[in-house]
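Take a look at the structures listed below.
Both complexes below contain subunit A, partnered by subunit B and then by subunit C.
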Partner chain A sequence: MILGVSIYEILTVSTLVFFIGVYGFVTRKNLIAMLMSVELILNSAALNFVVINKYLFPGNLEGAIFSIFIIAVAAAETALALAIIINLYRRVMSLNTDELETMKY
Partner chain B sequence: MNWNTMLLMRQEIVLTIVILVLLLADVFVTKDKKTVNYIAIGLFAIHTLIGFLPLDAGSLFGDSFRTSPLIFGFKNVLNVGVLLIIMQSASWLNSKMLQYQKIGEFYALIFSSLLGMYFMISAGNFLMLYLGLELSTLPVAALAAYDIHSRKSSEAGIKLILSAALSSGVLLFGVSILYAANGSMYFANIHDNLGHSYLTIMGLVMFFSGLAFKISLVPFHFWTADVYEGAPTPVSNYLSVISKASAVFILMFVLFITLRELKDIWTPMLYIVSVLTMFIGNFFALRQQNLKRFLAFSSVAQAGFIMMGMLAANDLAVSTVVYFLAIYIFSNIGAFGVVQAVSIASGKENIDDYNGLYRTNPMMSLAIMIALFSLAGVPPIAGFFGKFFLYTSAASQGYYALVFIAVVNVTISLYYYLLVVRAAFLRNSETPIPYFRSDLLTRIGIIIVMIGLFFLGLYSPFYDYIQEVSKIVGI
Partner chain C sequence: MERIIFYILSIIIVVFAGLSVVNRNIMRSIIYLLFVLLAFAGLYFMMEFNFLGAVQMTVYAGGIIVLYINSIMLVERINSPLDVAKLWRRILAGVISVAGAIMALFAIWSYDFTEVGDESSITIQDVGKSVLNYGEHGYILPFEVISMLLLAAMVGAIVIAKTKKRNAN
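Our next item is the complex of A and B:
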């Protein structure tokens, strides 16, 4: 718990980070930037878990453990996404979604 | 702790052993990589058979892993589905991937994903659900990009991994809010002290959207068509049936049992999503030329029908949805199986290419006709009974308007399913797809699917069994 900082401030930050991530995911045209936006979303959820655990339910550790799992899985997800991006870059020589897309409605 | 209780995880343990043995076999078989196919299929067939042995109900690890006769039976349905899919994928691997020596990984990834689904549908808390969900999604993304020399396959992979990561992020945010509202991850505890505040409603909506990505319900269906078209056909097949069915199953349990107090919130939500999904899936399917895109939108529309069946929210809804899922798995595997066999033999995937198929390949045309009729719901075939029970479930709670909308949608869907049948049977072509003979495993797979499609509908003890085990769940 941080002195002088209530749960409302921290939850406001994590919600802002979440929506910045969603906005970035929708507007960015670069695959790496989209991946970074997804990381923001996952980290905001992890932050939420830790803060809620610490401020509201300090008796147990469920939230903190969940956030560790989120970090581990997010790393696996990023590794896989980067592997696919590298493979795609070898084929197309670009990371711009407009140039990548061949399948459309 | 008694070691005998670990046997409740028998299916997971056996599947893990299968994966390890398969990875070892892939290392030691160096000469003829084709054998790896048969080792994998043989091991998985043994696993499927062991799966049918009776299993007790109970829970493990402080209630985070549960099993019941319904969950156990559903795992067996998934096993049979995966067995049929890998039987059909062997010929694709032999024809395309043998030159790169990439056979064993395919099976290892598909089995890991199935293991994730096991954990997901037996989950007793949100942590287990999340881990199972990720373990089931990440290998599929690798599988979608499996054909690394094809640009479309890589594109499908990146679309799948990015949308899956986004959806699990949204789901996690929803779970964190539900945690804030009641202080526990466990489904049983959440059920006991769930308030009716705005906080829980927001958590419910975000959790639902996260899973809706996996089921490809309408506001979240954008990735579906592209991924299905670009990914290798066995992978699209797997995504459209196994992945979707297990996500529906766990969504149903969380909504019906854990979040039951919020029923007045999620009922209108499911209603709207169901109507939108049926209409948009069907209307987009009408204008598709590529058969894989066509089947993608048809599977979006089928998800809408499943949501209609879920609205009743009682044990009748559980049994009808599970029964429909079992039939849907069979019908879609049949349709994808034929598309894949034709695609391997001739490289053609468009509806117009099927003109005159009946004259050159009568058995294939018959198989795709039966599978598509089952998807549309034409009476003697199992799909009709599945749809009929879904209507019964919705009508039993008085959703007559929704049943009417669903019937209108079945009519629309019959039109586009018949377009394919007309191309194969009634149209002529100067250059039809020449006669081909697919390999033995594919043919056996398609024959099993065809038998299943008649058997599941007409053999009533199957439905009776599902109904009986659904009553024990305690909804």
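Our next item is the complex of A and C:
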């Protein structure tokens, strides 16, 4: 645990980052920018796992390993989503969510 | 000392997360996201999860950000600013986010966590033994599932992104 820092302060930071990500996900209109907000949300969730592991169950490893899995899943998700976005840009020539009305071809 | 560093890192995280969400230049906002991820890695190092901090720095700050920058440069016109949502939509999103944050913070601060002050540090050997162990507290099965998932995602990304050349129309 971090010396002199309580669990409440770290959970406050992760909560703020989570809701900043939610705000970005709702307000952004570009697909890549929306995906970046999802990264913020995933990171705050991973920080929650790590903090609760460290402060409430030290000696266990579940939170840290789950965070590693979260990072791996986020990498897979990002690669796949960016592939889909590039493919979509080839068809529609735009990434604006208002102009992406059809996913079929 | 640790407290000061923690507060500096938290301010970096919150400020740059907000900037990366509202900035209209997508290249700048991806660099702000990079700062946020590095500060997260700093928090992991402060909590002595060294392996997790290293994974965060290499996979997230190294890999995913480069992937984003590459696809932005392939796809986006960098100099044209991003569209912003309508004003009422931004206000609505802000109200929803602030209300949710207040609710979650109220729930967190009113809950009584019993902190266990144990100073045992976790080494990389512990993480490796736990990941490759099939007994109790072993995670060999999720590890293999994750490896299959990464392989499938890689193949899928290649198949999706590599389409036929566009026709002459």
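Keep in mind that, in the parts below, the second predicted complex is superposed on the first by the 101 of 105 C-alpha atoms of A that agree within 3 Å, B and C clash if a C-alpha of one lies under 4 Å from a C-alpha of the other, contacts with A are read in each partner's own complex, and residues count from 1 in each chain.
Keep this in mind: contacts are C-beta pairs under 8 Å (C-beta built on N, C-alpha and C of every residue); 3 or more make two chains touch, one makes a residue touch a chain.
From a predicted model like this one, the values you see are computed outputs, not experimental measurements.
Undergrad: One more residue to check, A:28. First (subunit B), second (subunit C), both or neither?
TA: A:28 contacts subunit C only, not subunit B.
Undergrad: So, does A:45 touch the first partner subunit B, the second partner subunit C, both, or neither?
TA: Touch status of A:45: first partner only.
Undergrad: Quick one: classify A:56 as touching subunit B (first), subunit C (second), both or neither.
TA: both
Undergrad: Per the contact definition in the header, classify A:5: touching subunit B only (first), subunit C only (second), both, or neither.
TA: Only subunit C is touched by A:5; subunit B is not.
Undergrad: Give the label of whichever partner, subunit B or subunit C, reaches more residues of subunit A.
TA: After superposing on chain A, more of subunit A is contacted by C.
Undergrad: State whether A:101 touches subunit B only (first), subunit C only (second), both chains, or neither.
TA: A:101 sits against subunit B, while subunit C stays out of touch.
Undergrad: Would you check which partner chain A:87 touches, where first means subunit B only, second means subunit C only, and both and neither mean what they say?
TA: Once the two structures are laid over each other on A, A:87 reaches both partners.
Undergrad: Who does A:69 touch here: subunit B (first), subunit C (second), both, or neither?
TA: After superposing on A, A:69 lies in contact with both subunit B and subunit C.
Undergrad: Can you list the residues of subunit A that meet both subunit B and subunit C?
TA: The overlap between the subunit B and subunit C interfaces on subunit A comprises residues 18, 21-22, 35, 46, 56-57, 62, 65, 69, 73-74, 76-77, 80, 84-85, 87.
Undergrad: Over in the complex, which subunit A residues touch subunit C? Could you list them?
TA: Residues 1-13, 15-24, 26-30, 32-33, 35-37, 39-40, 43, 46-47, 50-51, 54-62, 64-65, 67-69, 71-80, 82-87, 89-90, 95-96 of subunit A touch subunit C in their complex.
Undergrad: Inside the complex, what are the residues of subunit C that reach subunit A?
TA: Subunit C reaches subunit A through residues 1-3, 6, 10, 13-14, 17-18, 20-22, 26, 29-30, 33, 36-37, 40, 43-44, 46-49, 51-52, 55-56, 59-60, 63-64, 67-68, 71-72, 74-76, 82-85, 89-90, 92-94, 96-98, 100-101, 104-105, 108-109, 113-120, 122, 126-127, 130-131, 137, 139, 142, 146, 149-150, 152-154, 156-158, 160-161, 163, 166.
Undergrad: Going by the contact rule at the top, pick out the subunit A residues touching subunit B in the complex.
TA: On the subunit A side, the touching residues are 18, 21-22, 25, 31, 34-35, 38, 41-42, 44-46, 48-49, 52, 56-57, 62-63, 65-66, 69-70, 73-74, 76-77, 80-81, 84-85, 87-88, 91-92, 100-105.
Undergrad: Under the touch definition given earlier, write down the residues of subunit B that touch subunit A in their complex.
TA: Against subunit A, the touching part of subunit B is residues 126-127, 130-131, 134, 138, 141-142, 145, 148, 151-152, 154-158, 161-162, 164-166, 168-170, 172-173, 175-177, 179-180, 183-185, 225-226, 229-230, 284.
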